[in-house]
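In what comes next, subunit A is part of two complexes: it sits with subunit B in the first one and with subunit C in the second one.
Up next, the complex of A and B:
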């Protein structure tokens, strides 16, 4: 009986963790797929989402309102970054934005340390979310179940947006033959802005939902950046479906590894990445399938 | 003003790829309702001419007017909004988008009873109607060419610029594409600039022809009847 409920705990934890990886990685992938920018500050935007959420909640705002506001704030930060740092480098090689977003990562991290300090922060959840719910023979925290639900809603919303709206269609087309999209009358500048803001909002969402799962500290973004890299490399650069598979896989591997051999969790994740890349160098689903 | 009825007017453009000087002074025009071809061997600069018009490879010197408006070095989306529909030789059907989505992205409302919309495209190209939910990139080469032309038509453009529609097509397909271009573009009065190496196709759809030599130099201008009367002109021009 104990074994079964542990197994269910581990499965649910894998999904929760995989879901957070997924939202961050999809944001990174959308930015890369649409504007060929590898945003090294993506983890820092995720951290910014968590800290904004923390501040909003600690000023007494309802958690769910913060859940909507924090990602928007990160989206505004993304807009500013795109306009000031990314856009001027658009015509240059990818190395320029790589270096600039690397610098930006330290800038945002510095800003976070300056504003919130080095000590860890905790988001104060509403009482009902701190309880556990009997489910499938185990007692599982309500907040974690909410995280699963939010992940599902975000992903479903994103998929509907991409598949059903004209803007989504334009984004998908832009990830394949951008030049032809301009020839149909679309100003690619707005596609690039839209991609960066959307990616930032997603990082912000992941940040605030991950906040209560882990502690919020100034380096939380670094680990997440690496994990989401692993996800998009395994899944295939620019591939959205690949990211889904890879995020769940990495979520599961990391959860299992942490349960059995805590210290080696990340090592095992990298080994898995090395093995998958040795077999499929372009990731599970290959590059650029934006669907 | 004589320029009034010229839908496209290219005046002495010079276009480069980096240091490579590809179009060394080219002038041509297309009048309203006219179907014009550029005939030339591989590598003379036909595609570059069209890319210059679209602003994809903007000319360093010279002027381009579209329907009287100076559009030289405008970005492609602004040129497109002037009413220019570009059908590249690669066709560039968006993979991952259905036939219908490919058309929807291009659709723009048109005026008059001859205006094109999705329904009209489906009526005229039943094969596209049958496959409307299918991924556009899974269509055969010929079907993709139909889709690319359909995508140009639904934008209700002033002019369609068509890059080598017969490239890589079987003779039967070339005939089909020729019919489509003639019936839907030329006969309905849409202005057309078509680039070809296949002179049969060009003679069948266009009435006036620019014979392009290396570096985009125009070596002659002839009407279809002149070229039919003296096939030697084309033989000499297209001979390697």
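Up next, the complex of A and C:
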């Protein structure tokens, strides 16, 4: 295997990893940016997306149908959580929702363990997605390339929704001038619900695409939650563009570090976070720039 | 007067019965602390260990004429939590011995505190060589130690032309066991002329989910063999991702320092075919004792019998024999009794060495492949290729 093919492998690996980080982190950022809730159960919703996808595919459903349905199921779960757990606490300090979602994380993890068991699961992919594609001397898994495509489509769709639709623009405005938006007759309750459901759907999408990439297990969301926090802290809390830059940066740094240094890969990632925060304490693009 | 006398006598009798030490009652159980991970990355392995120990206790029924009470605690595979749970089991619950433990890190942390805890600790799943003669109260009767696995794997590689003339890329989990397993294999492999690509082997964080960078690195190295020391649940995960990248299809063979769990193998399916490795036992071992045990396990739990369950069962039986031989629950008496004790179970005689407190037993070299028809409905089997007698695996006594 030559240098070029290795470089292609590394580049694609970092984009795939960064892409998954991005979808999870953007979901977390949308929830925080629009409703000021730091959802510590976000990783568990990501796991729920993976398990929902696994179950749907196991029942014989096509993977692409499952890719549409699983996030919707997670969205419904998000709606229930928002209405029953988050909404009653909205008038209180952020600490209340922080503690509640922390507990919720263990509740969902326990529910997953009870329903699906401890052992890892793998999503059965259509035959063509299990193949590898020759690219300049390397053979790269088709599903990983599909993941890049799905990430790009999701992000493009999200950006179009937020920048070109009235609802999207209302959501963006709600993040910076909620009082004004409220005065204009927008019911903020629906903004909060919409933000939580949208964030949950994104977690679900990330879950079902990460399932075949790695493995599905009851605690898969924990590590992802930490990585997502690293992304949103580096990018700037609540900043969508910051999250895009940070996710790609973290994906690249982690992949390169794993390839060249191996033992210290994660140390490098956290060192990078420390350096960026030392220089820009509010992250690359600053806190709260929901654009 | 007579009435008063009867009342006073009755009160005295009741007082007497209230203050008689409860331990005098024959029904007072012998409490054993079971320390296994039931949450976290190795929860499935912990559950299988618990099943094996519970099955042994149920079969044994009583110890010293008293019922056995297993008190199970979850370590979460975290050394400080395991130590706290052990303290609770000994000081609060009154456990007379500790059994179980997955992970060398957790095992070593418990061993460090064993003098303070002052009860025998018998590990059924700690593979580090540091356990040999570590402490008079610390024992191993369970999964093969790293040196024994390395001997089995090197002998297996040398005996098989399809494994022998290959260059091996070594990758391990980044903690005490993984490091020890990697070093043991490399030392022995070099002595036997097996080519190693990276003597300064890769150490991947235990929480690694995406193995793509490591697999790309293996691809770039151009090797045709991989020696992996991953915790059991992760072996199929790595194999599956390597398969996605076409590593096995390109002819790369995999040898594992630990036995993969059967449920994980089932989940991995075809991607998990072709993994070689030495272990205590596989349900493919065809002896009357093994067949009897695996059917009893299947009947009780309706899940595929695993190596983790088998050696935890045997470990528990050895501990129970030790307590009976000691004739009491005195910690030192149990520890003394455990040295040299043996149990004949699903994989033959498992004897705890009087020299170093660690077990000696025979082992098998297996290769994962499509399973023939079997009572468990398993699709993947760890097919037995070779059996090693205990003397061959060592270490010498």
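Keep in mind that, in the parts below, the second predicted complex is superposed on the first by the 285 of 291 C-alpha atoms of A that agree within 3 Å, B and C clash if a C-alpha of one lies under 4 Å from a C-alpha of the other, contacts with A are read in each partner's own complex, and residues count from 1 in each chain.
As a working rule, a residue touches a chain if its C-beta (ideal position, glycine included) is under 8 Å from a C-beta of that chain, and two chains touch if they have at least 3 such contacts.
Given the structure is predicted, the values throughout are model-derived calculations rather than measurements.
Engineer: Thinking of the overlay built on chain A, is A:277 touched by subunit B (first), by subunit C (second), by both, or by neither?
Structural biologist: So A:277 meets neither subunit B nor subunit C here.
Engineer: Could you look at A:185 and tell me whether it touches subunit B, subunit C, both or neither (first, second, both, neither)?
Structural biologist: In the superposition, A:185 touches subunit B alone.
Engineer: Which chain, subunit B or subunit C, ends up touching more residues of subunit A in the combined arrangement?
Structural biologist: Result: the larger residue contact count on subunit A belongs to C.
Engineer: Have a look at where A:10 lands relative to subunit B and subunit C in the superposition and call it first, second, both or neither.
Structural biologist: second
Engineer: Considering only touches as defined above, state whether A:61 meets subunit B (first), subunit C (second), both or neither.
Structural biologist: So A:61 meets neither subunit B nor subunit C here.
Engineer: Scan A:268 for contacts with subunit B and subunit C and give back first, second, both or neither.
Structural biologist: Touch status of A:268: no partner.
Engineer: Of the two partner chains, subunit B (first) and subunit C (second), which one does A:119 touch, if any: first, second, both, or neither?
Structural biologist: second
Engineer: Can you list the residues of subunit A that meet both subunit B and subunit C?
Structural biologist: Overlap of subunit B and subunit C footprints on subunit A: empty.
Engineer: Can you check the complex and tell me which residues of subunit A touch subunit B?
Structural biologist: 166, 169-170, 172-173, 176-177, 179-188, 289-291
Engineer: Which stretch or stretches of subunit A touch subunit C in the complex?
Structural biologist: The contact residues of subunit A facing subunit C are 1, 6, 9-10, 13, 16-17, 113, 117-122, 130, 132, 138-141, 143-144, 213-215, 217-220, 223, 254-255, 258-259, 262-263, 265-266.
Engineer: Applying the document's contact rule, which stretches of subunit C touch subunit A when the two form their complex?
Structural biologist: Per the stated touch rule, the residues are 39-41, 43-44, 47, 174, 202-205, 207, 209-214, 216-217, 219-220, 222, 233, 236-237, 240-241, 244-246, 261, 263-264, 267-269.
Engineer: Enumerate the contact residues on subunit B facing subunit A in the complex.
Structural biologist: The touching residues are 54, 56, 75-77, 80-81, 86, 88, 92, 94-97, 101, 104-106, 108, 151, 155.
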